[in-house]
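Note that the chains take the letters A, B, C, D, E and F in the order they are written out, and that residue 1 is the start of every chain.
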Amino acid sequence: MTSWLPSLITATPEEGYDLAVKLSRVAIKMTQPDAAVRDRLRPEYAEDAKSLIAVSQVIATHFATISAANHYWRDPS
Amino acid sequence: MTSWLPSLITATPEEGYDLAVKLSRVAIKMTQPDAAVRDRLRPEYAEDAKSLIAVSQVIATHFATISAANHYWRDPS
Amino acid sequence: MTSWLPSLITATPEEGYDLAVKLSRVAIKMTQPDAAVRDRLRPEYAEDAKSLIAVSQVIATHFATISAANHYWRDPS
Amino acid sequence: MTSWLPSLITATPEEGYDLAVKLSRVAIKMTQPDAAVRDRLRPEYAEDAKSLIAVSQVIATHFATISAANHYWRDPS
Amino acid sequence: MTSWLPSLITATPEEGYDLAVKLSRVAIKMTQPDAAVRDRLRPEYAEDAKSLIAVSQVIATHFATISAANHYWRDPS
Amino acid sequence: MTSWLPSLITATPEEGYDLAVKLSRVAIKMTQPDAAVRDRLRPEYAEDAKSLIAVSQVIATHFATISAANHYWRDPS
């Protein structure tokens, strides 16, 4: 079975950011596994300024973790 | 007696993420030990966008800790 | 006089988690020293989903600190 | 194709801060890709004290990451 | 003139916690320098569960900083 | 042109704290550049307990960054 999270290592900061977004979304799915409920809630946060900011806080926290994992991509490969 | 948290070390990032989810849930149980009350509260947060985002923030914080504990799973075993 | 916090070092991750819970509670006591007021507030947060999540965020932050203090209990003693 | 985030390394702390602001904004775009909706939401947070503070919290988190990436710009080049 | 914050180093974890509480209070004073206004606001947060939890989050963040500064008081002096 | 943030290095912890306060304020300015709007919002947060606590959380996050930058001012110069 393929893992949804095989590694925290990414080639570039941009890919690291995309992974941070993914990590923030998985938490929602794990707490609310019902896709129908999540679909119903989506406009509630995607069109609400405070919720969007809260989502970006979660992303920022994951991006900190991923950046540390990648030694901040200091040495371009 | 078996510990519910014998170690922060996991084999993979995905297992580390699962552990982060578990850690976030234990805190709720310790603050509200009554299972009946928790069951009553569950829809209150599992169907509320802001609460789901707040839960994912807690998970993100625990995932940062667990990732550091595992040296970010940089060296696949 | 005995200190309520003689050390951040614990034997196991589980004890470290218990200490994180304790640290989160002490902050409440220091800001609201009146036990009668705290007792009155308790149902307000122990039966409110958003408050329970917020408490678990505080615990997560303290657990990060305690985990680092213990080198993440990487070497079982 | 040019990356919107080629590197976390900046010449100065001030440029690092600007990058933190940029990172906080990208998260909003990724969660709400519709520019028209974002434009509609903008006054909702730019003229609301609590939202502005929440945005600055996200920026602070990204600035911590970027500062670590740059070794806190300790050695002026 | 004496500094209100001469050092982050404390002899014990407990003193470090007290310093974290102090740091959290100074921020309030700097944003609202008027003591009369602060006195008026005090019951608003000291008797509100959500505010007390938010204060303890700030304390937890400062305690993380102070703990790192003190190498987590790993070596008792 | 002078930078508003030439360095994260400060002589003392107290100056570091002042810099953290400054960093938290700049974020507000960057998100809401209109000084008239900011002046209108000021009483909204300076006289609101929850907002003051939220501001102090942002300051705590920046103070963590600045403290790390300064090696926690462990060696008095």
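To be clear about the criterion, a contact is a pair of C-beta atoms (placed from the backbone, for glycine too) under 8 Å apart; a residue touches a chain by one contact, two chains touch by 3 or more.
Since we're looking at a predicted model, the values are computed, not measured.
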item: Contacts common to chain C and chain F (chain labels); value: E
item: Greatest separation from chain E - chain, by CA centre; value: A
item: Whole-Å gap separating chain D and chain E, where each centre is the average of the chain's CA atoms; value: 27
item: Distance between the centres, which are taken as Cα means, of chain D and chain A, whole angstrom; value: 16
item: For chain A paired with chain E, centre-to-centre distance based on mean C-alpha positions, whole Å; value: 31
item: Residues of chain F engaged with two or more neighbouring chains; value: 45, 48, 50, 54-55, 57, 61, 64, 68
item: Category of the chain touch graph - line, ring, star, complete, other; value: ring
item: Neighbour-by-neighbour ring order, given that chain E leads and chain F comes next; value: E, F, D, A, B, C
item: Complex contact set, residues of chain C against chain B; value: 12-14, 17, 21, 45-50, 52-57, 59-61, 63-64, 67-68, 72-74, 76
item: Contacting residues of chain E [partner chain F, same complex]; value: 3-9, 23-24, 26-28, 30-32, 37, 41-42, 44-45, 48, 50-51, 54-55, 57-58, 61-62, 64-65, 68-69
